[in-house]
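Each of the next two complexes has subunit A plus one other chain: subunit B in the first, subunit C in the second.
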Partner chain A sequence: MAKPATLPVLDLNVLIAMYGDDSAETITLALSGFRREATHYVQQLQRGGQHDVLTDNALADTARLCHSLKSMCGLVGAAKLMQLCMTLEQAARQQDLIILQSELLNLAEVWPELLSQLNLTLLQHGYADE
Partner chain B sequence: MLMSNILFIDDDAFILNAYQRMLRGSVYQAFYLQQPAQLWQQAYLTSLTIVLADQQMPGITGTELLLQLQLEYPEIKRVLISGDLTLAIKQRAPELTLDAALPKPCSKAALLDCLQRLSGGLTATT
Partner chain C sequence: MLLKNFNVLVVDDVVLMCDFLYGVAKKVPGCYAFKALDGKTAAETLENEAIDLLITDIEMKGPTGLELIYRVRSGSFASTAHDIPIIIFSGNAYLELIQQSISYDVNDFLAKPITADQLIRKIQHHLQTEKQIKSAAHYLALNSDFSAKTSVPEENRKVSVAIVRELNPKPEAEAADINTSGKKADEKDFLFWPEQATTGYFQIDRRLRNFAFHISCFHNVFVGNCKPVAIESERKRACEACDYLFHITKNIKHKERRHQFWLLFDQRLEKLKPLAAELNSVNIKHHSQILVLLKRLSYWWMQTCNRPIIQKNDDNGADHG
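Presenting the complex of A and B:
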């Protein structure tokens, strides 16, 4: 498995292959929808990680959020965040708090990098934020 | 033209939107449901030929829902979609039979191939 640092932040070829469509309309629809949903998921993950004590419910929530976000990343080619979600999900399921906390810190770097790529790619494809 | 009525069940709106986009212009009449519990109230339920359900949903798993469907409407074909297919299939009730299983996320090509196979060779190109 590739190391997160070597993975692309956003690979449009994956999105195009998954959707079977390379039109700007599909690319902007997919990326704007992903940006909206992923922002919500990341906020929830970061809120959950701020607690000193992670209960079983909080760990289950983290695993569930990462599982869903991982699939969304796979659809649009957000490989780096997808890899991070896989690690986070596994750590949450195994109740490995050390890896969990360390990977949540990585999220604070990986997400802004992806968000910046999303904004740039959307702009390049003619998408204007409302 | 012969239409095949299919239903996607997934609590994630983004994923449902992706399926909708992938099937745009296809021969399939597709329905989308975010709340699995609402399946039984849908007027189109008896017209369905294929139901595709995500495994991880709040309140009920895809395999549990598909088992209920199998008991109530055995003629409807059942497809499980999961980010961890091996685990989902391993954990399913032994009496559940699946017509197909797809990884999540799945590509348009994989989705159309599966639907075409299950609907008896309907051509579904856009």
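Presenting the complex of A and C:
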């Protein structure tokens, strides 16, 4: 397994291979959809991580959110965040609170990095924000 | 030429993933795609539309993918057949999940991520490949408690497969009798569904193919002098295939508009009804009766599997998604 630091933040080749299409329309549609949905998931994860006590339900929710976010990342080639989600999901399922808390802190670094890469790529492909 | 039409339902609670699956399914020629972001919407679609293939995620809120699969297999939906191909599309492959999927005879288990091309190939494969699915009553009887481990008795599986595999090829003389169209039929099949043929309705094609298969099995165990228990078992399966053909046809007919086709097909089904009733009541010890019945069934088949009821399938047609 590659170390998160060596993984690309956003690999468009993965997205193109997944969708089987390299048109600007497909790329912008996928990335803008990802940005919108992933933002929502990340916010929920960060809100969940602010609680001092994580109940079983909260852990299950964290695992579910990470699981969904992981599959989204796999689809668009957001490798670094995908790797982080895998670690978070596993930690939540194993109720390993130490790893969970430390990886949630990493999320605060990985996500803005990905977000700025997304914004740049969308701009390069002619996508105008609403 | 007709384009074989089929309905694919994709279910995933992640919008991006659901849209991806939907977009891919729409690219398959002849495919009408439906999408659902949760189990409840998926259940409504399965209830109201004749879905031919289901692709579902497992971990969802509300009815989970497994609950949805259980409901399909146990025949809970009015418009969707219980034996449609089901593909699980999940990011996790836990042992317990796989075991439960096996007990519901899921056709495939795909691990995310998967490319559009791979998924298209999978959809096409499962629409063309028949997997023997047990009766809805079997799945209904399975423990619906999803936390408990369920399993199908292994010996049952072996019995059902063995009967088919041990079929004797039919004598050549009989093959010549049946094969009046001049084409070379599959030597193992008493009745056979021509390659690249379609009624234009995917589910009816499946039922007709299934009917042909089970009548052929019944024929083969009968002429092969197999044990009465095997002959009786195949007779029952052939009866079930007839019943299911009638049932599915009734469901599809309510929603379709091809009047000319339905006029002709209805006539053929009316002719089949007395044969199905005879098949249902025939005593397998009365050899002459069975031989006559098989002959009449093959005659019915020849008259039915012809233009204009069936036509060549235009699989390379335009995108109908």
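Points worth noting:
Just so it is clear, the second predicted complex is superposed on the first by the 130 of 130 C-alpha atoms of A that agree within 3 Å, B and C clash if a C-alpha of one lies under 4 Å from a C-alpha of the other, contacts with A are read in each partner's own complex, and residues count from 1 in each chain.
Criterion: a residue touches a chain if its C-beta (ideal position, glycine included) is under 8 Å from a C-beta of that chain, and two chains touch if they have at least 3 such contacts.
Every value quoted in this text rests on a predicted model; they were computed, and no experiment measured them.
With the C-alpha superposition on subunit A as described, subunit C and subunit B clash in the combined arrangement.
Judged by the touch definition given at the top, the superposed model places A:112 against neither subunit B nor subunit C.
In the superposition on chain A, A:74 makes contact with both subunit B and subunit C. By the touch criterion defined above, A:126 lies against neither subunit B nor subunit C after alignment on the C-alpha atoms of chain A. Counting contacts as defined above, subunit A residues 17-21, 30, 33-34, 37, 64, 67-68, 70-72, 74-75 meet subunit B in one complex and subunit C in the other. Subunit C makes touch with subunit A in their complex at residues 13-17, 19-20, 23, 59, 91-92, 112-113, 115-117.
Only residues 12-15, 17-18, 21-22, 56, 83, 104-105, 107-109, 126 of subunit B touch subunit A when the two sit together in their complex. Touching subunit B in their complex are the following residues of subunit A: 17-21, 26, 29-30, 33-34, 37, 64, 67-68, 70-72, 74-75.
Contact residues of subunit A toward subunit C in the complex are 17-21, 30, 33-34, 37, 64, 67-68, 70-72, 74-76.
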